[in-house]
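In what follows, structures are represented as structure tokens.
First chain A sits with chain B, and in the next complex the same chain sits with chain C.
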Partner chain A sequence: MKKKVIGLLCMLLLLSGCYSQTELNEMMVATAIGVDKTETGVNVTLQVLNPSEVAGGTTKTGRPGVSCYSETGETFFHALRRLTRITPRKIFLSHIRFVAFDEALAREGLLPLLDFLMRDHELRSDFSLFIVKEYKANDLLKTLTPIEQIPANKVLNSTMATEEFYGTAGENELEDFYKAFYSEGVEPVLTGIELLGQVDSGSSIESIEQTEPETIIKINDLALFREDQLVGWLTEQQSIGYGYWTNHIQNTVSVVSVNDALVTLEIMKAKVAIKPSEKRRHFDVTTTIQASIGQSAWGDVDDLAKLKQALSDDIKNQMSQCLDRLREEQIDSIGLGQLLYQNQPSVWEEVKDDWDETFQNVTASYTFDVTISQNGQITAERGAPK
Partner chain B sequence: MRLTFDEQATETIIEQIKKDLRHREDLVIRPVKINEATIYFCYLTDTVDIEAIAIETLKQRFVIEKKRQNSDALYYACQEMGPTEKEQTPRDYLNVILNHQLLVVCESAVSVSIGKSHHRAIGEVKTQEVIRGPREAFTESVVVNQAMLRERLKNKRLMFQTLTLGTETKTDVKVVYLDGTCKKKLVDDIVKRLKEQPLEGILESHYIETLLETNVKTVFPTVYNTERPDVITAGLLEGRCAIIVDGTPFVLMVPALMFDFLQSSEDYYQRADIASAIRILRVGSFFVALLTPAVFLALTLFHQEVIPTALLVSLAAQREGIPFPAVTEVLLMEITFEILREAGVRLPSAVGSAVSIVGALVLGQAAVEAGIVSSAMVIIVSITAISNFVFPSYNLAISVRLLRFMFIISATLFGLIGIVLGLMLLAFHLTTLDSVGISYLSGFAPYDAEASADLWVRERLDKRKQLFQLKTVFKREKVRKR
Partner chain C sequence: MKLTERQFKYILYFSLLGSQLLYMPKLVLYYLDHNGWMAIILTGLFAVGLIFIVPKQLFETNTAPMISQVIVGVVIALYATGLFVFELMVLGQFITFQYLMGTPFKVLIILLLLTVFILGSKTLEHVGRTVEVFYYLPTVSIFLILIMALIQVDTSALKPVQFSLDLSLLKACSLFFSVIFTDGLVVLKLGQFVKDASDVKGLYVKTVLKVMAFFTFGTIISVMILGSKLTTLTTYPLYHVLMNIHWFSLLERIEAIFSLFVIVTSVMKMVILLYIIIISFNASLSKQAMHVVQIGLLIAMYFLTNYFIRSPIVIYNWLYSKGWYILMLITMVLLLSYQLLRIPRQITKKSRSEKRLKYKKYKKKQ
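Moving on to the complex of A and B:
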């Protein structure tokens, strides 16, 4: 009797079948999603992998590594489900690298769209968000890239390289956006993407058969958001300034002019400490910079002090440019309000209700501590100017 | 002085033997005249060392003893030839002759152990090979094996308890233990168990292995077997009990714990740090051998999100055009490999190379090129198979082979949850097991700080309080009642 019961229970296990099981060759791995505004709703574009073209060790047919499918719908999710009518296999979203939106959608507000991305169980929340400047997200996804067979990877790698070596862009993931969105005294930003060249012909394989492809994907400057709505774009200098304010600069360059000669300095380390001062709406900003000379047309080593001064001025200029712009737009993207909240909660309680107006009048005083430690590999023997 | 002989008694015994063994063509009854008397030598052809039958010495001594009116004249006379014993009943006569001994009959009967043994010489180990360490292996002869153990353990406490088991085969079985180190209760229990169940015949030590197992419903071995005398010696010093069975070089040892099957004697013959690293590797390959195909299936069928994209793309590309579901692929390859392995063991060595060529080509290259299996699957099956050969003990290796299929099925049905479930069940199962009353995971569970230092890694021998640490564990744990 006992044996029979155990036997029956074992059979019960088999009844579950292979619930939610998917074979690898029954699914379609999406690498990126693009969402554009249409008159009736949204247009969703999927960039999916063509495994046998991308994987090593298989025979290639010369087709592109990715394919794109797009479909419209009333909402994001609706459009995505309508896509199944044209996709050859089940869509698998866990591996997406980024989601891109066009400017029109971003100006309307991203929250309704992000809701789906946050809610759906199949998505990992570690993908980045981008705003496509001028063009449609559909155009971005269709663009093929040389070297990287998966354009989504190219976008992400370029962003990471820009973040690491130049500082104008940031890899803003879904969770970062939500964090900034829900935190008091800080507003989100997203990295923008620009398309250069003949955008229409970037989707054909001929485009990447040339040394210079027809369409080039460029990681652009930062997009400013109020709540979830796009309000404007920072300039290149302002974006670097934003990096300093938020301590995101890992490495960048500054070009300064000293004694009528241009010197390019590599910023190796930048640390910005912001302290709300007793004077309300005023912040003391102390910046510690470690730089090295990257390129110089200037020979007088005695003028190191002057060089330091010039570098301080340049960074100060970038930071104040950024602050001025934000004050003008009345958006506290750099999180000064949050800083106030953390350091002087009582003051924050007073000003938080009309922080946007208060922010308009904030002032900052800058102090710099610059060290120029390395001259690079150049020596007198190797042609250093005397 | 004229000697008198009881011819009648002699005749009766001889008649009895002739009657009992009337169908045996190999029976030799050789009469030798001494004065008026006749002495009969009874034995089976080729079982007795004829050279050792010293007739002249026997004659002289027999006459001398007879003149002294010694009633046991034959007994004393025969002692010149070898170990002698007096035999009384017809049943004894029969046993002596069938046991390859010489029966000398004159008035009474006396057995002389001058049996000729047909055994191979001590050879090298075949199953648990080591790079450094003794190479001698046990042989099929219980006498030789006993001598080998005596050589290694020159200790008066080394005890051999002889049993004759098998109603038909009458096989010699010796229970070996170190008196005082091994629990007396354990020895008594083992002897009792062996005597309890009369088997018709014992051809290999496995026949009595089943008698020693407490848990029958398990795939895990709870009795250790080895042909290495050094392993048995170490076991005896730890307070274990060994059982030598005549006719097989594989000596049994109990209690046997889970970790014993993952350890090699060489662990103790190499530097501690290196031995530890190898031991960790072995535990690792236990899990590799057990879980690799299951984890691969679980990840590719249910949890594609945890596979790095580049790898996922590569795996997906390989699966393009494969006609079978992934689980069929795994089972196909695993079963093919099992067939090849079994064939490799049974085939005569002359055709062995043919199997390896066919195996390598058919299993590996051709199957992939024909698009029947993906190349990732070949890698998975190969690493699993190789890991399975890491275990020093063959019986654990077979258990793992079986369990692997269970994990493949549970992974196909439930993904990683199925694997975790399976591992939990496995853990529950292992904790309930015991070997002659000692918990199967002793040292680890129940935990013993001292003994556990020697489970996953190998401690330096000079750092130990006690060289043979399991001794305390065995002493402390009660022998469980069945």
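Moving on to the complex of A and C:
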């Protein structure tokens, strides 16, 4: 009997499962956070779900799928807590898809802000980080998108599609940034987001009721960082070049000119092997490409060798453009220093202290192994245009 | 009270794992960067080697005089108390930080101590059977993590493999040995309940090697997924690693399985340590007396834990700066005290030969 009583008492203590519960209708699910610089600190914008609008069923009222709340504070955490004064419910951050920063904050340094994101127990670290080019993160979060009712999902889906099919952007999660920040011989990069059109009217529902929305969210090129500070942007071609250097290209296209005709090639597979040469500050880059013909003005198979050469030249151009830009900024974002550290640690010990200056004089020699494995559904030779 | 060989092996296994899996990679990566896994292998081999200097009297028939037994008993009891308090502190902090944010730490400690009391009020055989049942939880978890992690690892993070005999290596090995493997040396005391005590050393070696392999693997995965710097920065690196591992969309949030496993192993470890404290004096107690002692000990644990409680940042900084050699010294005291159990055999031999001489002299006189 005594044992049963003790057992029951313990069960009462242990089975108090709903001790600190929060019901779904008492919380506000945040999907994205935007952080902008202000004179006194930061301005934090939260994009939160309107559950009745995004859930299935017939309860929709035609309002946007999300709402935004903004508040300023001395620090990121301070502003978030101040937001509770204006939000109708408790903020739930576990489902955020991304955090966006404006350029001004990024130029000052992101680490103090990321510290909160890393430290907070409620946040999972599998969200992406973005930099909003020219505009405020607040503008991005307020912009409504057609098709996708939740703009945060649109941003993520576009980024994934760009990464998978074009190669200029990538999903850079919090830990990727930290890893690059703390690793020797490599600097972090983040994907940029640009707003096109009438940014002021992007938040109105009328904007997405038209065939062409007044504001469009565009996944831009890559932002370069020195430690945690934004220093510049890569162009579209340089961003693709970065993708090749870091083996992040899954699929992309190259437009080359052969015999005065434009041929568009789809890169199905790209693998880049970089080897530090015995010559100091020189790297041997071997690129293996598997491509297929996506569009061609004319399909002369005799010129396949020329096509391969043109493709090699194009990729080489993208890679060298990227390297030149990085050398100009003295930022090793492609991790050549890390490669040196991993393969020639004694050499790295000698150069690591002034690697930024050394990187300026880094050279690379490129070798290509191109296979054009597919030609689509057209095989007949049409010959050159008349 | 008797334990089968398998039960003893699993008790050792649970004691060596405990809550250490939560923070273990930090201890070596702090000093040795991404090459920290080498220190784990070295430490594991060292722990295996140490079994040869542990006298078998610790877990076989004890022929030592009372004074040696009392000294060894006190040292083991103090050591086990320290381990218990540390375990309770780490587990309490982990649960209040990750799951029961609003629960006061003291309430959680009371709950954990109550659980330990309920489990500890059974006999050692019950504990043995319980660990037998739960044995597959950590093993399956680790196996699952291995398969899932292999998909998204980056082996280049382990390069360059550099090994140098210097102070950093000594610090890393000392800290890792003191915090992780010494528990096994304390739990050897339970070897006296194994049906065939001559197998204890062999079981210890096998378990230590297995745990060493798990820890090495955990550290390597942590380096490959988080990188060495981020591993040392995060409070619970392996938990953090698991938050990042997913198997397509089929298996996600495996950190929840891991947490369950850590809580179970850690509570079982505390039960085992409670037993060790009680049996360290070889006193035969009635069931009621045993329960009174257990309650007294658990109340003491509550106050000790509340007295020593510090935030993880303070604990780690202490471990990295002074803790590594203080803990190593304490471990040496433990090992030296074990040697006291050897001395009596020599004294007994001597006294026997003296008695024989006296007897011969007495016979001659007659």
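One rule holds for everything that comes next: the second predicted complex is superposed on the first by the 364 of 386 C-alpha atoms of A that agree within 3 Å, B and C clash if a C-alpha of one lies under 4 Å from a C-alpha of the other, contacts with A are read in each partner's own complex, and residues count from 1 in each chain.
Everything that follows uses one rule, which is that a residue touches a chain if its C-beta (ideal position, glycine included) is under 8 Å from a C-beta of that chain, and two chains touch if they have at least 3 such contacts.
Note that the structure is predicted; figures quoted are calculated from it, not measured.
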Combined model on chain A where chain B meets chain C, clash or fit: fit
Which of chain B and chain C A:R124 touches, first, second, both or neither: both
Partner chain(s) touched by A:N343 [first = chain B, second = chain C, both, neither]: second
For chain A as apex, the angle formed with chain B and chain C - C-alpha centres, to the nearest 10 degrees: 50
Between chain B and chain C, more extensive residue contact with chain A: B
First, second, both or neither for A:S52, with chain B first and chain C second: first
Which of chain B and chain C A:F92 touches, first, second, both or neither: first
First (chain B), second (chain C), both or neither touched by A:E175: second
Touching partner for A:T367 - first (chain B), second (chain C), both, neither: neither
Smallest distance from any CA atom of chain C to any CA atom of chain B, in Å, after fitting: 7
Doubly contacted residues of chain A, that is, touched by chain B and again by chain C: 13-14, 20, 124
Contact footprint of chain C on chain A as seen in their complex: 6-7, 10, 13-14, 19-20, 118, 121, 124-126, 175, 178-179, 182-183, 341-343, 345
Residue numbers on chain A that touch chain B, as the complex places them: 13-14, 16-18, 20-25, 27, 29, 31, 49, 51-52, 54-58, 92, 94-95, 97, 122, 124
Chain C - residues contacting chain A, complex: 97-98, 100-103, 111, 114-115, 118, 156, 159-160, 162, 226-227, 229-230, 233-234, 240, 243-244
Complex interface listing, chain B residues touching chain A: 300-302, 304-305, 309, 312-322, 325-326, 375, 412-415
